[in-house]
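A, B, C and D label the chains in the order they appear, each numbered from 1.
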Amino acid sequence: MINIGIIGAGRIGKVHAQSITSLVPGAEVKAMADPFLTRETATWAQNLGIPHTTEDYREILEDPDIDAVLICSSTDTHSAISIEAVQAGKHIFCEKPIDHDTAKIREVIRALEGSHVKYQVGFNRRFDHNFEALQRTVSDGRIGSVHLIKITSRDPQPPSPEYVKVSGGMFLDMTIHDFDMVRFLAGCNATEVYAEAAVLVDPAIGETGDVDTAVITLKMENGSIAVIDNSRQAAYGYDQRAEVFGSNGMAAVSNDAPSSLVVSSADGVTGEKPLHFFLERYMDAYAKELRCFVQSIENDTDTPLGVMDGLEPVRMGLAAKKSLLEHRPVKISEIE
Amino acid sequence: MINIGIIGAGRIGKVHAQSITSLVPGAEVKAMADPFLTRETATWAQNLGIPHTTEDYREILEDPDIDAVLICSSTDTHSAISIEAVQAGKHIFCEKPIDHDTAKIREVIRALEGSHVKYQVGFNRRFDHNFEALQRTVSDGRIGSVHLIKITSRDPQPPSPEYVKVSGGMFLDMTIHDFDMVRFLAGCNATEVYAEAAVLVDPAIGETGDVDTAVITLKMENGSIAVIDNSRQAAYGYDQRAEVFGSNGMAAVSNDAPSSLVVSSADGVTGEKPLHFFLERYMDAYAKELRCFVQSIENDTDTPLGVMDGLEPVRMGLAAKKSLLEHRPVKISEIE
Amino acid sequence: MINIGIIGAGRIGKVHAQSITSLVPGAEVKAMADPFLTRETATWAQNLGIPHTTEDYREILEDPDIDAVLICSSTDTHSAISIEAVQAGKHIFCEKPIDHDTAKIREVIRALEGSHVKYQVGFNRRFDHNFEALQRTVSDGRIGSVHLIKITSRDPQPPSPEYVKVSGGMFLDMTIHDFDMVRFLAGCNATEVYAEAAVLVDPAIGETGDVDTAVITLKMENGSIAVIDNSRQAAYGYDQRAEVFGSNGMAAVSNDAPSSLVVSSADGVTGEKPLHFFLERYMDAYAKELRCFVQSIENDTDTPLGVMDGLEPVRMGLAAKKSLLEHRPVKISEIE
Amino acid sequence: MINIGIIGAGRIGKVHAQSITSLVPGAEVKAMADPFLTRETATWAQNLGIPHTTEDYREILEDPDIDAVLICSSTDTHSAISIEAVQAGKHIFCEKPIDHDTAKIREVIRALEGSHVKYQVGFNRRFDHNFEALQRTVSDGRIGSVHLIKITSRDPQPPSPEYVKVSGGMFLDMTIHDFDMVRFLAGCNATEVYAEAAVLVDPAIGETGDVDTAVITLKMENGSIAVIDNSRQAAYGYDQRAEVFGSNGMAAVSNDAPSSLVVSSADGVTGEKPLHFFLERYMDAYAKELRCFVQSIENDTDTPLGVMDGLEPVRMGLAAKKSLLEHRPVKISEIE
């Protein structure tokens, strides 16, 4: 049995706590820490069977019974807590991104060198049944060599301008998942980025200096071209699709809906909207990424998404920001 | 060049005239006859390049330049004109049904014996791209031996009660197409029919003694079971689907829409309704059945749908009527 | 916390044990009984955290700490154990069917009269996301008054002839789910059944006196007509679809697949096969039916599927058998 | 009756001749000219009822009975013949592109100034049922203001390297249709282009200096962003899709297939490939663009696609070439 401590009791911390309790065999949540721990959260944790809650995550790091930590705190603390957790000898599952600053990610990388700590980054979409099936199809060679990768990723509603201000910008906050997905599907890194973007959803987002609509083109190491389109607001809900085109054909995945219901009436032939947002769409993926993490510890194997997989999408996001600012294609190698 | 005379200048007669003019190479409409020929129709025919119009179809039968006739007059005249046309040595394309009375169809059969006249019945749906593809898939053995055949056939709106009175009833007027389709897809005849039906669309139809909603089960000579469902009124339009299930899988065809447009909005994910009714859905099939008829004449080969194919669906329809009346399964062999 | 004892540790008993452990808040499995309890099953139960296993289900009925039982034993014991459990004051979730003999079901009904025991029958498909959405659409009136109900239910492979012999026949073993679904979708009972069936999948099934392929037509109390098609073997997997057609339109649900992956290649445009069989397709439904059962106990409300819902599909199944035997439509009122 | 002369008897000239004969009421082909007129073509024309064939297109321009010409000759002759035809007072339908050189297109524009000649450019896709439905949905405001436009356009097989050499390059030969489509869907011009491209299909294409795979991003006057992806070879056939995303939702059109047939088997659930290539997919559109041209003459109204609509996609194509060469975003205003 792997004993787990969760650092950060916000929305995603709670999702992980529930997943481990119900859907991750061989693991138990032993403690949960949050600097702003409320009575409600403490009660919620107790009801879930979590024996210990605290405001101080160091209690978790210092607890010799705890094997692994999930870092679900605010982004600016991810890298520092990662390093502390390495030093404490705890295996680490860290929510994305490790940091917006690649220098800080490299510090984590250095801390991990020579340690036996497992490190996994929380790019949950790789564990989604659709994207898994797509990646497997591509890596099995069923569509031949990859020529084009297309990812559509649109949120149902924009975040508040307050959140946008501290988010690192759309490319590091939202597109970062798509940058990871491009690497996952291509099976290689990007070499260059060109970003076209606009403020079309909410002028208040523009006032923070960010954008809300984008098309990002990438050159990949394997010679293929990838393109991501993003919007912060799709009227029909969370839009998460991908298509890979190759020398022997095309593989594509589309949205999941609450049911397969189709109503035919005088108004047309109408199916359901996609599952609302990431919690609905990726609930199974959140549990699966943790099962994989736990299995990596149990079997002493590499995690499916190591610390280098945390670095590369940040470089891509920074390159996209630079491309937008300087209005030109930017090589990934220009970043750091 | 095959010279054609069209007997009957109603809706379907005009459809065929246009098809031949534009879409049937090697054939020309030389004359059109209708007992109630209007000035408008005469002008319409002239504009289409049809040199002769008349109220008397015998002018067509007596014209030595005419090779073939299309019988598009009212159903009660089909068998008598068929026999006259055989006697005149004209090849015959006859709209369905040849008659509601199998005795009269058998008279046509006898008239044809020994003659060299080509005879084709107008079951247009066999020439539809969807049903053709389905039939080919089944006859090619791709789904193995046939176990189940399912046909959905629903009209967008019911006919007037006046029409219903003289129509022969839903089974002979509407389901007759589905009876033909069952034979086409199964590749054999039915042996028994059980009809369940109701008046759910329009009480005025019930007052004429007819039904407007039905489920009809058939046992086929090859051991498979077929089921047809009918409605005189589908709010979303003309519904024409079929599915064949066999030992190695299933083949199915669905409706055609005006376009592939799908609109995703806060109201759902909405595609277009099916093409409105038979003229929209089967326009290409109407032309194709005539091209096949003309080719049969040119090449002196059998027509794809001979006079026996006109008899069998009528027997099935009469058996269905008897089944409904006597509330029991009825063998086709009980009819005649 | 509702304490539950599970009687029967076969496949479905184990599915329920896992569901309660992971996915049913407010309930715990306290004991599991099976007359042929193996060491493996005992260990399995222990690992799942079930404190007690026994060969004698009476230990469960006599345990004052146990609030409710799940009857997952062989069908021939369902009614007798139901009555014993009523007498022991335990709430009861009973797998379908309660019995193949309506007299025995009526004994259970009589035993329940005047008791405060909750009784739920295990027609899991009502809790499936697709069928729930379909039923809601119909009961909300979105398609108007119901005219036609169509259910397709095909298994991926046939049971062994040995199983078939003791199964009560396809109508009581397999179609019984569809009979329940027809009632669920129509919102009323059937009044008459006509069954057409054949042995097309496996002659060995025919040798037991059963059939493996069927089309069953039903007249419903609300005037609509329902039709079910069944096969014991679909080459492409578990086929579970339904369509309801009404005065204002049509609502339909189709199969769930492992993913939305579509591969376009020189061979065509290919999506995934349906989820393999009932355990894959209805896993969520199995958990949901138990959550509803537990909530009915917690809130002292009626269960969603009472004992009368267990009786009616058996009557429909027996009527279908009689219809097939006597080759005629059979009224439900002829059964008992 | 509009009398038409066709200049150029290659594939597309013949397609237009057949369309006019069968599918364009109110118009007749009176003459066909081709400098390499073969006996076969002359016979073919005669059989179609075209009274005159010639090697010299000037015979057509000088024929006072001819009202309009279709310029279907090689691209390098389009602008010169256009100007001659204006001078001869013939209405002009000119295949795309008018020229690869914008200066020559501007000469045609100047020639047309003050004349009463109708001029239409052959961007046939605007007349396709899918793209028409998509454009109408967007222009009706059903998806709100436009944010993103995505076009996928992939050919089933690449042209020969010999053709590629004289084609003007992929952007002017193939993408030009997509540039027109972007303008059609956005309802405005592009302001800037960024092209990413590669040689992934056929190295021989690369040796001519051209590319065969591309992703092209465009900024539009209305603030939206468009992206086109192209490949010269899709293993599954001609891929012609588009999607427009706006403030209130998304509208998308997909490929047309020969039929709606879907086969479910142990290998998956397989539909048909798209219609093979442009002649199959756009046959109706080719006829419709000519009906619109003829109606513009009959009613003395503007053609749906004037000479300016011929200029702008060429500018976009030249900007894309420049972008690829200089590896930077290029403003359309930089072209001429």
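Keep in mind that, in the parts below, contacts are C-beta pairs under 8 Å (C-beta built on N, C-alpha and C of every residue); 3 or more make two chains touch, one makes a residue touch a chain.
Fair warning: this is a prediction, and the values are worked out from it, not measured in the lab.
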* In terms of CA centroid distance, which chain is the most far removed from chain C? -> D
* Structure fact -> When A-D and A-B are ranked by contacting C-beta pairs, first place goes to A-D
* Asked: Measuring from the mean C-alpha position of chain A to the mean C-alpha position of chain C, what distance in angstrom results?
  -> 39
* In angstrom, rounded to a whole number, how far apart do the mean CA points of chain A and chain D lie? -> 42
* Structure fact -> Cα centre of chain A to Cα centre of chain B, whole Å, reads 58
* To do: Mind pulling the residue numbers of chain B that touch at least two other chains?
  => 234-236, 239, 248-250, 264-266, 272
* Structure fact -> Note: in the complex, chain C contacts chain D through residues 234-236, 239, 257, 264-273
* chain B contact footprint on chain C (complex, rising order) -> 144-145, 147-148, 150, 154, 194, 196-198, 200-201, 213-215, 217, 219, 223-225, 227, 229, 231, 233-236, 239, 245, 247-250, 327-329
* Structure fact -> Interface with chain B, chain D side, in the complex: residues 22-23, 129-130, 132-134, 137, 142-143, 248-256, 258-266, 272
